[in-house]
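First chain A sits with chain B, and in the next complex the same chain sits with chain C.
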Partner chain A sequence: MNSDNKDNIFDRLKTESDEYTKALFLETCIEKAKNGEKFGLTNEDTMTEVHCALGLPYWSIPVFGGIMTAMPQAFDLIDKSKEMGIGSMGCTGVKMGMYMLEAGMIPKPTMLVIGNTPCDIVSSMSELINNYKPWADVPKFFMSAPHDKSEESMVYFGKQIREAAAFLEEISGIKLDMDKLRQISEEANKQCQLMLELQVLKSAVPTPIDWTWGRTATRISRWGPRIGDPIITDWLERLVSATEKRVKEKKGIDGITEKIRFMWYDMIPTMGDKLFTRLAKELGAVEMSDYYNWGGPWTPIDTSSEEAMFTSFAKRYLNDVPMAKHAMGTLQTFTDDIFRIYKELKCDAVVMGLNIGHKEQNAMHGAVQDIVRERGIPIIQIGCDLWDERYMSADQVFDKIKTFFEVSGLLT
Partner chain B sequence: METIKNSEIFKKFSGIAASLKNSEIENWKKQGGKVVGYFCPVIPEEVFIAAGLLPFRMRGTGSTTTDSADVYFKTVNCGFPRHTFNLALIGEYDFLDGFVANTCCDTILRTADNWKHAGLKTPFIYCLDNAHASGELMVGHFHNQLLKMKDAVEKQFNVEITEQKLKDAVKLCNETKLLQQKLYELRKLPNPPITGSETVAVMVAGMSMPKEQYNKDLKILLDELGTIKNEKVYSSRLMIIGCGHDDTLLCDIIEELGGIVVTDQTCFGTRTMIKTISEEGNDTLLSIAGYQVLDVPYCPKTIGTHPQRKQLIMDLAKDYKVDGIVGQCFISCDPWAGELYLLKSELHEAGIPFIWFEREYIPDLVGQLRTRIEAFLETINQI
Partner chain C sequence: MSVFDTYVNKISEYVEGMKAKERRVTVFNVSFSSAQIKDNLPFKVGPDANPGIILRQDTYVELGNPEAGSCAFILSTDNPSLIRNGRITLIGPDIPESSGKSLPFGQVLIFGGAGLDDKEHESLQQSCFVGDSIEGYMIRSLPQNVWSRVSKNVAEKGFDFECLGKALMSVYKSCNSKIESMEIVFVASGKEDVKLLDEISAQVQKISREIVKENWKIKGYDIDCEFDCSSCADKPVCDDIREVLKEKRKKTITNTKY
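This part shows the complex of A and B:
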């Protein structure tokens, strides 16, 4: 964590963001349910701006699963999710969400939007949700995201988002105000631009702030109920401004002597805080980018017409959100982003988490390794379980990365 | 005829199913014909037939290792594409002039990328985007994707796929489906003249040789089957559901233990023939898209359609008078793992005995499978 002793701006930003991120947690959802408020659940993430324009609270079940893996009771719940028997090699984070559903830990929503992105086990989760008896009477809408990235496929998915929005309007009784959606989208465009600016600032040597700021920026500006909220724009502007100041002062991360810059090319593991902090402190190895600490670029939402707006939502989700972009994209999409980020953030090495549940990454591990090494870029693939440290501990991953840095000549 | 095993046609089908290369393909190639391998039944073979190509359903038959493929796939990936790709790497699929994967699962969708990256010399490599839910909008998307694939095939093979050629191809493939339906009808008999293992061979052969010849051969086989009087008593009648199932392993185990497999819900079985494609209308590609997306959403990757799959399984169980269902899921297949989890309680509620397990595509531990199936059969027989 960075701090600026003069004005404590980073501390203030942290306090504020902690407050904003509470909205993502299961507890907030349970609170809404207790109060009898209408809310939606989803295993998609494709229409965040629409939800915000409707003022309709919604939560993602896989996100509940992922967050729960960081809770004190996580190992017990992970074991229970495995005992369900839904595939021995399925992603632990998603299986956790499935277990939470079956165990009645998630309150019954007013409506459900169910989809297939980004991967096979999310499709399995969709069927589990659809056939979960206590929620049999909950209205549901199904979405089928394409892998094809052509303009016509984006229009096709944009139409589905429009239909899903109409579904939400019908069930919630709230009319979607297109002017408000336009306003939120334009504000969200500003926020995405600020995240990109933050990314550019992070590319300074030494990098001015640690990886947690990118994660926080994504959480509050791309997830949850405050997308397109000027309060978040203001937060991002202050973060960018404070970061810019550090760059001008040539300040690196407090307490860290930067020696190696690496990208963690996957979602942040539950052990991330422990692992990345140790890598930075002991080796001077700083984490520059990951699937949450992700600066874009983001497709601007074209607000010139309703159709253009919904097609842009499709593009922003399928072409910009890294998990969907990579899991449903091609080998080239995947490696192009490695090369882009490696160059833009002046990285020295690529570390792929290679989560055992990410079949689509595992199924191209050899090709990725070949292509990246052909460019002379050091790469290691870990093969951990992002959500269950017992599979490979933070210490084991640390040792693996340390050895890789040594063998690559990055650590002497 | 006393048993199908004496049939020359069955021996031919059995031989074709037991290997990749066969004399039908050799003859086809000798006459200048081209062969396109395809992974999944959602990829419509009718398009290739209309282009004058021979569609060949990809499988890992005969594979004993994934040593070469593991350079590209991790062992957490499903064995079906890994073994199949391994065979390609060691030259067993060199007879292909084209290879088409699709987005049916996270591992198969990568086979096209790996095929290219490995430098395999197949001239045409393509990945078709499926629809992943069932609805009119999805039909439109799949239709567009089929149009793109059709254009790519035409360009690559320098052919024109006309509406009439597509109609003829659909008619030919519908004939296959109807003949295979007759074959399955025979399995409803108390003493079917054909076992589950033998049926797998007949079905797999149908995806590995020219359809015209297959249909001719199958007609003869059906006549022969009509003359068989099977008096063997079976301890129980079973259905197999789940992944792939292009080999006879499970059927062999069940049938060696005194049971008989009488039907299935797998993508080498009923999924390919339980319904025919409409021959009406002026846009056959649209009819094919409608068939795949709306009529046969029997792959669990098609979300929102579990109730249809469940109903199909219940209907088949009733029609074929099954005593129990065996569900198999290849290790790492998330869609089928979720599906079988749901079916477990649903079949229990319906009073249908059900066992399911994860298995390797080409398993090492056959003894373990055998023990579990034996226990299942014993349990059924006590009910």
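This part shows the complex of A and C:
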């Protein structure tokens, strides 16, 4: 929280974003189902602009799972998901979504778009959805994203997104209005630009706002039904303007004396609120970048033609969403991003969460550590479960990071 | 001979093409000597010369914003005759006349040096971080792009593309001693022109990726394992191994007695 005065802009922005974020929650989906309205479910977020242009409500099952890990009953549900026989080393957030599906917690959708990105457990989820008997009669569209990053692959995946859009049109009976899609895409471009601007502002020393703002901005501008909505653009503009003011006044995060700047190279863990807050308060160590506080750059959607738009969607997802980019990319992509962000955000250290579920990255970790150290950058790899604190508690992770800062000479 | 020599020539052809299209082309010839270049500039160049960030309201001109269009890449050659040492070519308007604008931006840095072999190319890409080295010039190096801002303060002091070129020459010269000559091409004439440059960039990136792959292989890492067997050059080897294993298994099964 950053407070300039009693009735401060950041409080207002938080209240508004809390309201917008509700659109991602399971409760909103249940409400829609109760009213007998048509809605879609997915386990990817490759075509968010299309959903919004259709005005078709949709939700992401992995997002349901991720959010549920922060709920009071989370540990019980995680254990139950393990009892289902899903591999224990799979991502717990996705496992939770799979359990919620099998347990009948998720309402039956009108249509499903499922696929293979960004990782193997999402593919497993697609299999589970496909074989889930109560949803056997739900029309499904399968996406198959290429690992290759060539232009040809982007055109190929863009065509798949176009076919998926046609599928949604057919099932929902709503015709996709290309002008509306263009309008939403152009507004989404502005939103991505503002996210990038926010990242630039965060690079100021001291950093003007804490990590929670990037998370909120990503949730409401890249997920859910408000992508390309001018309300979100206005929210981002006000956040950027308020942050600019803090940079001008050389204000850091309220109540924190910034001593160390580190990047958390992973998703923000469920324990993030405890862990990052404690690191900042006790050690003056501020978290600068993660898979939500990413800032892009996002490929601008080229609205010059229908094909250009859909190819841009493919690029925006496969090249720009950090988890898809890294899980389906090469070691070079992985390390290039570390070096770029480390320098631009003026970080002192790299902390890799090493989520146990990110198996597709396992083969790279040793190499990443060697290469990053070769450049003289302090790095630690934790190996926690981002969604289940019992695997490694916030206190244990705190201790590891604190010791790392001490031995690296960053904390004296 | 460097693998990029063809592309150094392609850049010359590109510039000629722009002239043929009657784009405004301005050429500056400067002396490529680190000390001299730095001395004549009306702003600081060097580590931490621009420690802060340039806010939107303090920006005189923005270059290569992702929305406006951007493309940036480097070329290197061990053939000095291909480089017009110290030449800065600008296609399009200059900075002083672009107040308040967001210009599309293309930037090609061409390095020459006897020691600049293909392996050195990766090092050239990674060793220099221009980021905060030029006063009043904030740069965000996006992959294959450059997005930057020129502050109102330095614009008042006369910051233009010639100055920017000199500053970049100074920064690169000081961070890699193998650079003996350097030429720069800036494109700010339009999105279409930057897009054309991007087509050359795509080819250069492909070669750069191959070089990077080879460099990683030397370190013992295969960074780009093929997932598709049908497109893998090693498929015949794997097929042979499979056949051998199949035969071995057959023998094992035949010899197994229950």
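One rule holds in what follows: the second predicted complex is superposed on the first by the 410 of 412 C-alpha atoms of A that agree within 3 Å, B and C clash if a C-alpha of one lies under 4 Å from a C-alpha of the other, contacts with A are read in each partner's own complex, and residues count from 1 in each chain.
Operating definition for what follows: contacts are C-beta pairs under 8 Å (C-beta built on N, C-alpha and C of every residue); 3 or more make two chains touch, one makes a residue touch a chain.
Just so it is clear, the structure is predicted and the values come from calculations on it, not from any experiment.
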(request) Kindly say whether there is room for both chain B and chain C on chain A in the superposition, answering fit or clash. (result) clash
(message) Which partner chains sit in contact with A:Ser126 here, chain B, chain C, both or neither? Use first/second/both/neither.
(response) first
(message) Quick check for you: in the superposed arrangement, does A:Asn362 touch first (chain B), second (chain C), both or neither?
(response) first
(request) Check whether A:Pro300 is in contact with chain B, with chain C, with both or with neither, and answer first, second, both or neither. (result) second
(request) Examine A:Thr207 and indicate which partner it touches, taking first as chain B and second as chain C; both and neither are also allowed. (result) neither
(request) Would you sort A:Leu331 into first (chain B), second (chain C), both or neither based on which partner it touches? (result) both
(request) Would you mind checking which one, chain B or chain C, touches more residues on chain A? (result) B
(request) Kindly classify A:Gly383 by the partners it touches after superposition: chain B alone (first), chain C alone (second), both, or neither? (result) first
(message) Contact-wise, after the overlay, does A:Glu197 reach chain B, chain C, both or neither (first, second, both, neither)?
(response) second
(message) Which partner chains sit in contact with A:Thr216 here, chain B, chain C, both or neither? Use first/second/both/neither.
(response) neither
(message) For A:Met143 in the superposed arrangement: first (chain B), second (chain C), both or neither?
(response) first
(request) Tell me which region of chain B runs into chain C after superposition, given the options 74-82, 164-172, 182-190 or 200-208. (result) 200-208
(message) Taking the stated contact definition, name every residue in chain A that is touched by chain B in one complex and by chain C in the other, in rising order.
(response) 147, 330-332, 367
(request) Quick one: which bits of chain A touch chain C in the complex? Just the residue numbers, please. (result) 147, 151, 189, 192-193, 196-197, 200-201, 203-205, 244, 247-248, 296-300, 330-332, 336, 339-340, 343-344, 367
(request) Mind listing the chain A positions that touch chain B in their complex? (result) 84-91, 114-116, 119-121, 123-128, 130-131, 140, 142-148, 152-153, 156, 159-160, 163, 327-328, 330-332, 354, 356, 359-360, 362-367, 370-371, 383
(message) Which stretch or stretches of chain B touch chain A in the complex?
(response) 71-74, 76-78, 81, 103, 105-107, 109-111, 113-114, 117, 127, 129, 131-133, 135, 137-138, 140-141, 144-145, 300-301, 303-304, 306-307, 329, 331-335, 337-339, 341-342, 344, 358
(request) Using the touch definition up top, name the residues of chain C that touch chain A in the complex. (result) 51-53, 55-57, 65-67, 126, 129, 131, 138, 140-143, 145, 147, 202, 209, 212-213, 216, 221, 223-224, 227
